[in-house]
């Protein structure tokens, strides 16, 4: 499937405009962009799990997972954490400001293979950003999938993002949503404990595809739980993060062993990840 | 009235940190102290024990403004100590490096640091708004000087290519041609600067003193030659100590040059006075443009002298490039072996005479170093000039006195970072 | 901010040769552009009227070589938003730091004779030994390009680019013949890149003026130098020539020569 | 099939003269004690009999630093530099050895594929390559071990020295044929005797080039020695300087930086050679470094060359040109490392993690 909007120079970004900005936490904001060219708004199609390269002209370019779902067209949402030059500049954008976007890149989640399957989402912290795309996709096309369970954990209540949306997922009858924080505060009434503690609260069918995204430290523990349940290594999917300069398999920064995160990933099965020494 | 002091802490628009303390009583001058506030770096001491090959590299860090002069004169002193000869190509390249330094340094000093005073600005930065054209020309000329230094020395400050016995890399014929053309083109730019300067009014202040510079019979001496004075001294540079003494003012980190109890003057004006019969065509015409009669005893003429010398150097650079273009410029590795010995070399840095004198042991390790920089030599003379000028300006406001004193010191193009590691007291 | 909304800048010299300040003046092509971006309110070397601060950005040249400079650099730090140390003296102590390895009073005597009580010389240290430094532009002198990069970046709120590797990386990209392979004692392998391998490109060995590269493998460099004939003393001198501060680093103390 | 030709070795300078109006010409020239590929202004500069060059021909297709596009920060517009590249004069690259031709073929794969890199490909298309067969081994190379002493494509013309004074000229592409037409009088059709001489030359080559490393089982022994202490041992000598990556014909990774113009109204997006040996190569925001130790990075370079390429493109990513060995300040030799790894069979290996 060739989703890339065809153009001659793959490195040249298309212009996009910031249309809304929603602060999600102290360091994370959800940005909504639309392409300046009408044509692109319709043409730009993507798969959950893919990412774009966003240019802040004169500052730099960085990869971000698309957080919106292709089932809702016309705009792209990116949830971005303020960490360095590019992300700082993005946070300083005003509505209407112009950025560059190219993509989408990467394999994304294997939608065909997921159809009809039970899905377990496990998100840690900002890892929810890329998973949200697939979650909303599934919510919008709920009938195409089996059981849907979502585990979400953050370090503390102040780091919870997409609060409204979490509530809306929670409200759905056909989605089982659970969340936890490592450490609560005085107002926190929900679960306390790392995200793996949620596994004690639900019986997960071994015939499930698990979709995991979170900080590097989280993977190992979550994967152990999933393996215990009996989910196959090839049915545990993670999204990896690497330094990336081109997004299209040339600059070699995201190479892990013999795979390129940008081309062969960022979504990999745990089987592949374990084959790739030094992957996580 | 009563005792009053005029303290010019941090003399501005000079290189390095210097202060001037003037004490007056009832409008009369009582005391003048120029202090160098620069941290003592002790070059002559830590040079001891270093290898001869790295001595020039270390010694040129004494001062960035004259790094090329330090580098070349230090190299020559080492070569003299070890009896190392170099070929014409190497000599020419060194000369060209120095010419680059002259253009850069003289333009910097005359047009960036001194000129603002003449046009009522506090700096070239503020002057740039009112005189954008002159400032742009000055930038262009300065860059030309720097590019000459880069071409021959690898970098405009603290060159990297000069080595004992030669260079680690040579420029190409093509690069030299390009620079020669740029030098040609820049003549008109320099003429603009000369014309601008001719329209300025220099303060009238005359005080005859002992002018010292190099002198050679075949050319306007900037490198090579004997030590000479306007009063008729002529001696081999090895005898420098006979003529240039030093004292250590207890209020300063720097030593001060002295001869028979009074100051000496080195620098562009001294050179011009001493070598006035050897001016090149462009320098002669520059002299005419500026309308200065030589010898001149007006310290403020030192800046004009710098511009005249820039014209001189334009002609000399042209000749040196011709000489280089007629050689093969085939690079060869300079190979030298250390030897015990003593070597003294003297050159004219843009701001005045500069001496490096070394002694090495048989392994080529430095035993002793004696380095006298121009600002050191001028030090006593500056204080004497302040005394002499004071009565002339005493009637003015404190601000105007301060400004004039600043201008006087600046006229010397002092390099205060240079002066703080001067020779041994004898 | 300065009066005109531009960031205010102070340029200061401690003990040094003024080469880094001169190198700012040497940016002839862009000097006027720099003045468009920032407001230089203090610069004794180039201006008669100098403000007492505060400054958005302070550039400090030179090492701390006498007692009074400790106070001075602290004052500058207090009054500055961002402090940038420029040049080897400010970042690593610089070449005059060679004196740290000898007896100061003996050296003072050598230079100034008996009459030297007023000479206030302390062991030379980089600016960071006394105050927090936000950015360092190493090199003897600092690179003009790096100065421009930091000015632009600070005005734009961007992290200035700095190469995280050694001079060899640049040297090889420039297709130079490796001087170590010619038996010359080059410090390129362990020296912070950013000078565009200036010295090796000019046929001269890297003297290490930009200080250690990130994670520099010193032990390997020692081995290389000794293999081509350097004595332990040669190696020690090479390592410390421009960077006396290196002597204080634990990795250096553990190094076998 | 296009016929083969012969030409006099001395006529290479005439070929340069004839091609001059149509091309910018590059070839091996002397740089102090070594050779480099450089622009040939005077035909006499070319040195056909060279050992190897410091940098590989990669520099012609992916220069050490290049502006990819320029942003106008006020207008918010983007202008790429492909047009400028297209407008450049065609290039003629002379005397490229077999190992390097194989290197170029590998780069072709990297910069082609699903997303075509036009910067590389425009340059590549505009370059005519005249290959040169090596009949004698070079100082550091081990092409025969890597099977890169042969080329079947990648050249436009390919010269093999025969009979001491002539070249046997194979034509690889129509571009090569054009070049022949451009200097027709220098080439004559190869005759039976010439073909025999050509065969003799190849036979001589077979005998002269040593086969030093056994690649049999390389994938397995690399997989099995991933956690072997040998890597830490080699890393002790490695200064992580990246010289090996800079000179390598098949290293291609790059960094991208935006460089602001001093007026802050426009910026260039520039890419420059990077190296996986550098500390921040795999560093991401927040300070996590996926290859934190120098040893991990050194090892990665080997694995990417040997294993990564093989998986992705079906061939090993090392051409055995020996440049990395020539460039390494610590004299780390890739050939020796490979030899060493191949003997690790004999000592206990640690399994895949």
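A, B, C and D label the chains in the order they appear, each numbered from 1.
Just so we're on the same page, a residue touches a chain if its C-beta (ideal position, glycine included) is under 8 Å from a C-beta of that chain, and two chains touch if they have at least 3 such contacts.
Remember, it's a predicted structure, so these values are computed and weren't measured experimentally.
Asker: Which chain pair has the highest count of C-beta pairs that touch?
Answerer: B-C
Asker: Can you tell me which chain lies farthest from chain D, using the average of the Cα atoms as each chain's centre?
Answerer: Here the answer is chain B, farthest from chain D.
Asker: What is the distance in Å between the mean C-alpha positions of chain A and chain B?
Answerer: 66
Asker: Measure off the straight-line distance from the CA centroid of chain A to the CA centroid of chain C, and report it in whole Å.
Answerer: Measuring from centre to centre gives 44 Å for this pair.
Asker: Using CA atom averages as chain centres, what separation in Å is found between chain B and chain C?
Answerer: Spacing between the chain centres: roughly 25 Å.
Asker: In angstrom, rounded to a whole number, how far apart do the mean CA points of chain A and chain D lie?
Answerer: Result: the chain centres lie 38 Å from each other.
Asker: Listing for chain B: what residues touch at least two other chains?
Answerer: Residue numbers touching two or more other chains: 331.
Asker: Could you list the positions in chain D whose residues touch two or more of the other chains?
Answerer: Only 32, 257, 260, 264, 280 qualify.
Asker: Out of chain C, which residues touch more than one other chain, so two or more?
Answerer: 156, 158
Asker: Spell out all pairs of chains that touch, sorted by label.
Answerer: Contact pairs between chains: A-C, A-D, B-C, C-D.
Asker: Quick check: in the complex, which residue numbers of chain C touch chain B?
Answerer: The touching residues are 13-23, 25-26, 28-29, 31-32, 35, 40, 43-50, 62-63, 65-66, 69, 94-96, 98-99, 101-102, 104, 106-108, 110-113, 115-121, 140-141, 198-199, 202-204, 207.
Asker: Quick one: which bits of chain C touch chain D in the complex? Just the residue numbers, please.
Answerer: Where chain C meets chain D, its residues are 30, 33-34, 36-37, 148, 152-153, 155-156, 158, 161, 164-169, 171-178, 180-182, 186, 188-190, 214-217, 219-221, 223-224.
Asker: In their shared complex, at which residues does chain A touch chain C?
Answerer: It comes out as residues 58-60, 84-85, 88-89, 92.
Asker: Provide the residue numbers of chain B that touch chain C in the complex, in ascending order.
Answerer: 10, 12-17, 38-46, 48, 50, 57-58, 61-65, 67, 108, 112-113, 116, 122-125, 128, 135-136, 139-140, 142-143, 146, 154-158, 160-161, 163, 167-169, 248, 250-253, 255, 331, 406, 415, 417, 421-422, 424-425
Asker: So in the complex, the part of chain A that touches chain D is made up of which residues?
Answerer: 4, 8-13, 15, 55, 57-61, 81, 83-84, 87, 98, 100, 216, 241-243, 245-246, 248-253, 255-258, 260, 263, 277-278
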